[in-house]
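Once you scroll down, you'll see the structures, which are given as structure tokens.
What follows is a pair of complexes built around chain A, which joins chain B in one and chain C in the other.
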Partner chain A sequence: MLAPALLAVAALLLWPLGRVVWMSFQDYGLPQIVTGTSNYNGLDNYADILGQSYLWTTVLPNTVLFALACVTLTVVLGTLVALLLARLSPLWRTLTASAIMTAWAMPAVTGTYVWIWLFDPLGGAVVTGLDGLGLVDAGDTNWFTDRLGFYAIATLNVVHHGFPFVAITIFAGLLTIPRELHEAGIIDGANAWQRFWAITVPSIRPVFSVVIILSTIWDFKVFVQLYLMPGGSGANPDVLNLGVWSYVESFAQRQYGMGSAIAVLLTLLLLGITTVYIRTLFKESEEL
Partner chain B sequence: MRTRLIAVGAALGLLACGAAACGGSGSADDRALTVWIMEGTNPDSRPFFKEVREAFTERTGADLKVQYVPWPDAHDKFTKAMAGGTTPDVAEVGSTWTTEFASAGALTDLTERTGRAGLDEDLVSGLREAATYEDRLYGVPWYAGVRALLYRKDVFDKHGLAAPTTWKELQDTAVRLKTLEPKMIPFPVVGDSEYALDAFIWGAGGQLAVEKDGRWKSAVDSRKSVEGIRFYTDLATRHGVSTKAAATWNEADLVDHLTAGRVAMAVSGSWTPSAVLAAAPELKGKLAAAPIPGPDGGVSPSFLGGSHLAVFNTARDQDLAWELVELLSDAEFTAKWAEQSGYFPGQRPLVEKVRDGGEPLVAPFARQMLEGGTTVPTTPAYGQVQGRKTLAQMVQAILTGKKDVERAAADAARDMDRTFGD
Partner chain C sequence: MTGTPRATALTRLGHTAALAALLAFTLLPVYWMVTSALDPRAGARGSSILPSGLTLDHFQRVLDQGGFGRFLLNSALVGVGTVLLAGLLALLAAVAVARFRFRFRTAVLIMVLIVQMVPLEALVIPLFVQMRNLQMLNSLIGLTIVYLAFSLPFAIWMLRGFVAAVPREVEEAAYLDGCGWFRMFRSVLLPLVAPGLVATSVFSFIVAWNEFVFAFTFLQDEEKFTAAVGLHRFFGQHTNDWGAVMAGSTLITLPVLVFFVLAQRRLSHGLAAGAVKG
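The block that comes next holds the complex of A and B.
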């Protein structure tokens, strides 16, 4: 019964995946595409990537730190908004939920351009505002050239785009917590902070785990939000993450083997993180 | 999920393409020819190709199927078509891709046919060079654009300034504009634009890369190249006639700021004035162009970018494919296409006519093209250098103060050599 579905999954997912792995062991460029021949170079691509100090000093720290910052901020902000939603009257809840849904519904490309405009060094709202306050000098500021500034703006963008999903999911989780638990907590004299950690978090731990796993996977492979930013498509080598680096290596330079190898490494990294998460998740459900 | 949606969209696009649009050379009709034309050069190429199709059918009796490919997707689309064996018979190929496709073995050698047709003599040399791989010609130059100086004539007239004719004048004019027009950017040094920089490297007598015994070696760290890079970036870092924002601009950003009337003078493409004027009609009559001067007068070489007409190996009827190339290259069609698209024809006598026409926003570009039209190194590896943005990285590092000129040039040269060595 499951065979057709499994076949479809295999054709759509496993075959391309296998091809990427297969290509990562080759020096694969346009001539190979045209002739359809293979050109194995063993582990050269991997040796080349792993031997580059660029990976260890720039790309990997960018990827990991950026993802960590985004996941933390997304989940914290999402949780706070979910708690807010739970306390609002139905009318205000609907209004707030619709407002944050707009941020979610905005396509990543559009959202990114809006953030770029806001932070535009000439006449962007942020620079103009800070210039008016005398904090920066408009025309003498360009946050995009600086690694930290670049990633701060990208983090704002990704968190803004990502928190509504977290908020709505956690809000749905909150609704499943029996009201009596909180009432009992109040009678016992627990304040809001204690009730959150003693009641809310343990009751909906699986929801948090799912949200964290998904956010981690998304934020590790952020591409559009970085690639479209000024300097993000390769002109500023300080700001590439694994996803953009893979694209720049494979498609912009037509070294498909090299790009595939980076993609395989990124997949392995994500697989590792996900495995750890899922194991903790299962362990916890066994303990319960 | 976000990325997955995009992937699904792309897959659907591919399916739609496979079923309907991109039939390729595998069509049932023996006497039909498929041609890919880039979309976005000519505001509306349909009427033009309707005429071409009629003329082609009249000349050969065969049908012509024209498919339009937007510029930004074109390289990927060619690559996919090569992978899937669905390349067209004839295509307009971006001039920096021709040697890459030729070296991959996808294009037909057109040397003999071009010679026999007598097209050879007249071809604009920079474009001809860009189509030459291992001494064989793989594309017939069709049209091209070139970068030169574009400036605000009204602003220059107001302050009694004239278009610069040497590098010293260029620098002095920009520095004067800085005090005369404090609200404008006198001369933006655009970080993510290799081609504006190239003009100054070549102008100083430097090279991007040189070929010796079949091996390419970077020359951006040579004394002369460094001189050019220094002059160009000093305009921003020492003389302050650019703006920090420009360090992360690309050419599209430059056009936006030209349109907004904030830029006094800039290196810009011959196709830019019409785009600027279409978006900002109030600038009509206020723009003028001039060739990029050489250090002590004359004209600095500037990159010629455009298209070749190429025939793919997969074309079953090579003679028929050539008939189309010849038809599109004939003087009447070429001139008409150039006029409609605002680009210059790929044949020298036709460009000379434009130069002598004296149109203020066109003739200086034609002069730049004839006296200084040149091309980037014609090794397929240079496409890779451009993909890595090696030179843009160099300029940005200098503009943001991360590296000094010598160090940035040396790093860029090493990076380029690493790419050539692959």
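The block that comes next holds the complex of A and C.
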């Protein structure tokens, strides 16, 4: 009974993963796709990628800094919202949770278009609003062409889409903390900040770990939110992250071997992060 | 908690302000999308909070000229196909894992993790080549099969919890009454895990409905476009027609919103059940 499911997963996840590694050792272009022949070039793709200053000055900083910013903001905002939810009356809690759900449910594609529209240089709400206040000049403001502006908008988009999961998960964790702990803390004269770090965080440390791991994994491989933004699909090389670079190399340049090698590097990066996190998780559960 | 009435009032004020800011931030995109879609002069809207009027023209335009009717139908077909396939395979696998004392809990968890961890680019390149060889690039069936792989591990994980929650005694009672395994499965187990199946189906449907990268890479024929790819094409052709782009976005978002709100409870329950029971 397990066989069909295992077969499907093996054929559609494990086999392609093996194949992408195999393709990354080749100069795999259109001719290879059409004829199905192999064209090995050893480690050339990897040497090419790792030897480029483009990787080290643009793509890697974009990927890492963007992911770090997104994870930090998502987790901080999600935690604050969870703490707020815990203090609301049941009615407001349900209402707020439903509102948060809409942010989570919004598909990445449509959400991204809405943020593009909000920040559109020609008549978008933010530019027009700030122009009306005299803060920017609508005529020569285009945040999408600027690397920092581009990523600021993408960060806003990703955090908006990602914080509900963190908030709901941490809120569920908060409910498991016995009230007595906080009451004891209050009697001992601890303020809210001290109680958060001394009681809340240690009590639900595993929940925080899971939330941080998943957010990190997701934010390192953000694709749609960047690719759909103006210039994000390769027209502006300054704003690519590893995932988009891999896709553009493959499907715009038809360098499938190069694209595969970049994808393998990104996978290894994520594998490394996951392993480190899982190790710390297990260490913590041993200590407990 | 905090001594004086004045401090309490201040805390309450702080809570209210935080709540208002949170709701504004959370609901802004949905609100802006829907109101822009209804605004007859959406492109000239600027930062005015209320739309200048209400009209369904934009919706009519994307459905008639943009071909969104076709795109939405394609997305629905792919979604339903994914739900049926994933539901069937996941149910069988979940029963096996939950009932037959395999030590597959870790294996399923690792599969879920792999699906979460592997970047889509690492899969889209080899699967593109594979599907090209199989002549399934421009087909909705090919796309459905790919989505199956993405929703399956998670679906197994969720359903496992629901199956494990059914008391073993209920099954044994059915056997005592002379049922064979299939009869027991159909008349006892299936009705009891039906809520879990609903939650899993909603999840699988949303995965398929929202997916962009594979649909965008695989589908070349406009007849076959799913809604997300259709929206991308439409935006490329009518970049500044924001009313229509937002109308298309609304059409794609609404079904997901409805599903999410309806299944919210069961989804979170399923997540918890998958993790705890067993």
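Just so we're on the same page, the second predicted complex is superposed on the first by the 279 of 288 C-alpha atoms of A that agree within 3 Å, B and C clash if a C-alpha of one lies under 4 Å from a C-alpha of the other, contacts with A are read in each partner's own complex, and residues count from 1 in each chain.
The rule we apply is simple: contacts are C-beta pairs under 8 Å (C-beta built on N, C-alpha and C of every residue); 3 or more make two chains touch, one makes a residue touch a chain.
Keep in mind it's a predicted model, so treat the numbers as computed, not measured.
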item: Partners on chain A (chain B, chain C) - clash or fit; value: clash
item: Which partner, chain B or chain C, touches more chain A residues; value: C
item: Contacts of A:Ile33 with chain B and chain C, given as first, second, both or neither; value: both
item: Partner chain in contact with A:Leu43 - chain B first, chain C second, else both or neither; value: neither
item: Contacts of A:Val20 with chain B and chain C, given as first, second, both or neither; value: second
item: First, second, both or neither for A:Thr141, with chain B first and chain C second; value: first
item: Touched partner set for A:Phe251, first chain B, second chain C, both or neither; value: both
item: Chain B versus chain C as contact partner of A:Leu175, first or second or both or neither; value: neither
item: Chain B versus chain C as contact partner of A:Asp120, first or second or both or neither; value: both
item: Contacts of A:Ser98 with chain B and chain C, given as first, second, both or neither; value: second
item: Chain B versus chain C as contact partner of A:Leu228, first or second or both or neither; value: second
item: Clash with chain B (superposed arrangement) - responsible stretch of chain C out of 95-103, 131-139 or 185-193; value: 131-139
item: Set of chain A residues, in rising order, touched by both chain B and chain C; value: 33, 108, 120, 122, 218, 221, 223-224, 251
item: Of all residues in chain A, those that touch chain C in their complex; value: 1-2, 4-6, 8-9, 11-13, 15-17, 19-20, 23, 33, 36, 80-81, 84, 87-88, 92, 96-111, 113-115, 117-118, 120, 122-123, 125-126, 128-129, 132, 160, 164, 168, 172, 186, 214, 217-218, 220-221, 223-224, 228, 242-243, 246-247, 250-251, 256, 259-260, 262-264, 266-267, 270-271, 274
item: List of chain C residues in touch with chain A within their complex; value: 1, 15, 18-19, 22-23, 25-30, 32-33, 36, 43-47, 89-90, 92-93, 95-97, 102, 104, 111, 113-130, 132-133, 145-146, 148-149, 152-153, 156, 206, 209-210, 212-213, 217, 228, 231-232, 235, 240, 242, 245-246, 249-250, 252-253, 256-257, 259-261, 264, 268, 272
item: Chain B-facing residues of chain A, complex; value: 29-31, 33-35, 108, 120-122, 139-142, 144-146, 218, 221, 223-224, 230-231, 233-237, 248, 251-255
item: Chain A-facing residues of chain B, complex; value: 1-3, 6, 76, 79, 82-83, 100-101, 103-106, 191-192, 243-245, 247-250, 253, 257, 262, 380, 383-384, 387-389, 392-393, 396, 399-400, 419, 422
